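Both complexes shown next keep subunit A, but they swap its partner, so subunit B is in the first and subunit C is in the second.
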Partner chain A sequence: MTVAFYILAAIAVLGAVMAIALRNVVHAVFSVLLFFSALAGLFILLLAEFIAAVQILVYIGSVGILMLFAIMLTTKVTGDPTHNLLSRGWAWGALVAGALLLAFLVPLITQTQSETISKLSNFNPSVKDLGMILMDPYFASMGVIALLLTAGLIAAVVAASSASEE
Partner chain B sequence: MNNFIDYKLIELGQWAVGLFNDYPVVQILVHLLLATLPLALAFMAAFGFSTWLERKGLARIQNRPGPNRVGIFGLLQPLADGIKMLLKEDIVPDRSDKLFHLLAPVMLMVPAFIAIGFLPLGDGLMSLPLDSAILFFFAVGSLNTIAVFMAGWSSRNKYSLLGGMRAVAQMISYEIPLVLSAVTVIMIAGSLSAQEIVASQQIESWLASGNLVKEFFGQILGWHIFKPWGFAGFIFFFVAALAEANRSPFDLPEADSEIIAGHLTEYSGFKYAIFFMAEYISAFAISGIAVTLFLGGWSGPVIAGLPWFIIKIFSLFAVMIWIRGTLPRLRVDQLMGYAWKFLLPLAILNIFVAGFYYFSEQQFGGLTTFIGGWIIGFAILQTAAKGLSRLNKSPTINGKRVYQLVE
Partner chain C sequence: MEITLNHYLILSAVLFTIGLIGALMRRHIIIMLICLEIMLNAANLNLIAFWHYGPNPIMLHGPLFTLFTIAIAATEAALGLALVLAIYRHFKTVDLEQVQDLKE
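Up next, the complex of A and B:
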């Protein structure tokens, strides 16, 4: 478990760093995808298989492809390296971002009590439980979201079909 | 129950694992190997056989003999092809992205092999028995798109890039009707687990009745394809599955007569063979999930379990070959329009039909709903399909056609 966690965490960090550092836009997108898949692996380690599946389906399958789609519609699709990504003041930006992250994370880490192992032993999440929770106390919000997404889908189809007629 | 082949296989596996009781680490490894290796080898063998089946089937449709030199009926042709592919030179374009060019076939093969692990081959015969197997299957299936784009982009060839773009557009479009038509089954079965979906397609009271005739038909008549929403859903699912697997008539990403094989243009030798293997195994996996969702999975009379699953998968594959030998390729604009303006609204409507069918079954009982549901459901879906095709009809061109490049 612990070894798997460290391997996946290392892959995730590597992917995130490469996404920022690489000069080639398409390579950067694929590094982000590597980061997402390592996250999915971490979710599986946490016994959250549903979230892992959604992570793959939504982030890699949809968001990643959306990013590739966006690149495809630009001239950057040839994959020539961009030169102006790293400006001179990058160190200041990194400093501010790091300070902000630490300011939020350090208090959280110190406040959290690590009694997770005893809780994990009688913790057996299943997709069925998740469905029960979503469909019982949170039914109204689920319904609104479902309606909104369906309306959006139909609206997209209508917009696309009326544009093609002209 | 008569799943004796499944139970014998499981017993055999348990016996083999039991041999290593004294070595826990080895036992885990043996368990993993037993869960994965036979499946992978069986599907690779099925790939070899299906290439022969496809070539022979297409040849017979076109009045040719097909492969008939290597072995009886040319049955050893896949083996000869495999050796030929291994010995061929592997050419990598000079300006291509070397790493991605190498990774693309691997990226395509890994999800294909993960996907077959989610298929319920028999009662309890499943490599990855997860609660949310169906969801995982679609999640893993969506990774194919990325691999095809990777191949098209890394080759640095305009035809490859066009093929990759076409593949991304096509696969995103058809994933929506694919998943929406599967949603009906998930909704009725009330589970994302493949085994429970199969169990929901068996009529339990008939199986337990002891009457031989009822036991026989209890394994068949419960299949979702015999319900109005299931029949329509199966057709939508199968059409979308053809597009997802890049099979004809939706083989636009690799259309050889337009963009000389698209993302495959710059691949040769064994990488090309791996591409083909991954595509065939994806086609098998997606027909396997179609069988699970609509055709009753492994349930069937007399020899329920693995034999029925194999029969059903190969029947669906034969239909794919038949379609390839019959239908011409779609145009790009027709392809996108068909997914968004025709399949998608019908798939959404089908969800409502399934919901009404489910509640009327509880209200009026099985047989009344069955007969009434077929009439009403068929009428609703047929009217919607007619209306949609009238709405989507392209304007007819009156008068003489004007050609720009030909006099």
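Up next, the complex of A and C:
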């Protein structure tokens, strides 16, 4: 359990760092897919198997493929080596984000009393229970999510097609 | 050593910061969308970890809210990449530094 957590955490951090550091955009997308699969493994470690399956289906299955399609429809697949890949004033952004982590998030987390024992070991969460509470108290939220997905689909079609008709 | 809630919170904070640094540093528009996905996934890991170590895991609120977040993130990715295509058609670039005006 402990070893699995450290291996998956290392893979997740490595995938995320490679995704923001690699020059070639396609390589970046594949390393973010590595990050997504490591996170699915962490979800399995936390006994959320259904979320892990959804993570693999939605992120690796559709979001990654969508990103690859967007790359192939826009720019050249191999990154231009002469092109500057950092934005103006990037050092300030990196500095502020790193300071936020080291000065704010890490001290706050480490000073908190840590919860060590999970109460999850004496019951087995199932997909059926998730479906039941999705139907009973959270039906309105699911309707809103369905509406949002439909609106997002229509908006994506409109945004991607309107420019070509001009 | 036993893995505690703090391990997951530290990992999630580190992943969120990596995503934030990438979103502030890179100028490629698809890399920025990737960084947004990294930050959303770090938040999802937080939700699941709090549910796992929380006082009342039988209510399944963690997986439920993570499911909603994943749906919203999928919508965001689809819409964002459609906007990438529209911006590329108009400006003929994916460099965000060169996308500077809103009118024609």
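By our rule, the second predicted complex is superposed on the first by the 118 of 166 C-alpha atoms of A that agree within 3 Å, B and C clash if a C-alpha of one lies under 4 Å from a C-alpha of the other, contacts with A are read in each partner's own complex, and residues count from 1 in each chain.
Here is the rule we go by: a residue touches a chain if its C-beta (ideal position, glycine included) is under 8 Å from a C-beta of that chain, and two chains touch if they have at least 3 such contacts.
Predicted, not measured: the structure shown is a model, and the values here were computed from it.
Trainee: With the two complexes superposed on chain A, say which partner A:50 touches: subunit B (first), subunit C (second), both, or neither.
Mentor: both
Trainee: For A:7, decide between first (touching subunit B), second (touching subunit C), both and neither.
Mentor: neither
Trainee: Touch test for A:33: subunit B only (first), subunit C only (second), both, or neither?
Mentor: It touches subunit B, and subunit C stays clear.
Trainee: Looking at the overlay, does A:62 come into contact with subunit B only (first), subunit C only (second), both, or neither?
Mentor: It touches subunit B and subunit C both.
Trainee: What is the contact status of A:72 with respect to subunit B (first) and subunit C (second): first, second, both, or neither?
Mentor: first
Trainee: Does the superposition put A:153 against subunit B (first), subunit C (second), both, or neither?
Mentor: In the superposition, A:153 touches subunit B and subunit C alike.
Trainee: Per the overlay, which chain contacts more subunit A residues, subunit B or subunit C?
Mentor: Comparing touch counts on subunit A for subunit B and subunit C gives C.
Trainee: State whether A:135 touches subunit B only (first), subunit C only (second), both chains, or neither.
Mentor: A:135 contacts neither subunit B nor subunit C.
Trainee: After superposition on the shared chain, which partner residues are touched by A:110: those of subunit B (first), subunit C (second), both, or neither?
Mentor: In the superposed model, A:110 contacts subunit C only, not subunit B.
Trainee: Please write out, lowest number first, the residues of subunit A touched by both subunit B and subunit C across the two complexes.
Mentor: On subunit A, the residues that contact subunit B in one structure and subunit C in the other are 50, 54, 62, 69, 153, 157, 160, 164.
Trainee: Quick check on the complex: what are the subunit C residues that touch subunit A?
Mentor: 1-11, 13-22, 24-28, 30-31, 33-35, 37-38, 41, 44-45, 48-49, 51-60, 62-64, 66-68, 70-79, 81-86, 88-90, 94-97
Trainee: Taking the complex as given, what residues does subunit B use to touch subunit A?
Mentor: 97, 100, 130-132, 135-136, 138-140, 142-143, 145-146, 149-150, 153, 156, 161, 165, 168, 172, 175-176, 191-193, 337, 340-341, 344-345, 348, 391-392
Trainee: Write out the stretch or stretches of subunit A touching subunit C in their complex.
Mentor: Counting only subunit A, the residues touching subunit C are 1-2, 5, 9, 12-13, 16-17, 19-20, 25, 28-29, 32, 35-36, 39, 42-43, 46-48, 50-51, 54-55, 58-59, 62-63, 66-67, 69-71, 73-75, 83-88, 90, 93-94, 96-98, 100-101, 105-106, 109-110, 112, 114-120, 123, 125, 129-130, 133-134, 138, 141, 145, 148-149, 152-153, 155-157, 159-160, 162-164.
Trainee: Going by the contact rule set out above, which residues of subunit A touch subunit B in the complex?
Mentor: 26, 30, 33, 49-50, 53-54, 56-57, 60-62, 64-65, 68-69, 72, 77, 79, 126-128, 150, 153-154, 157, 160-161, 164
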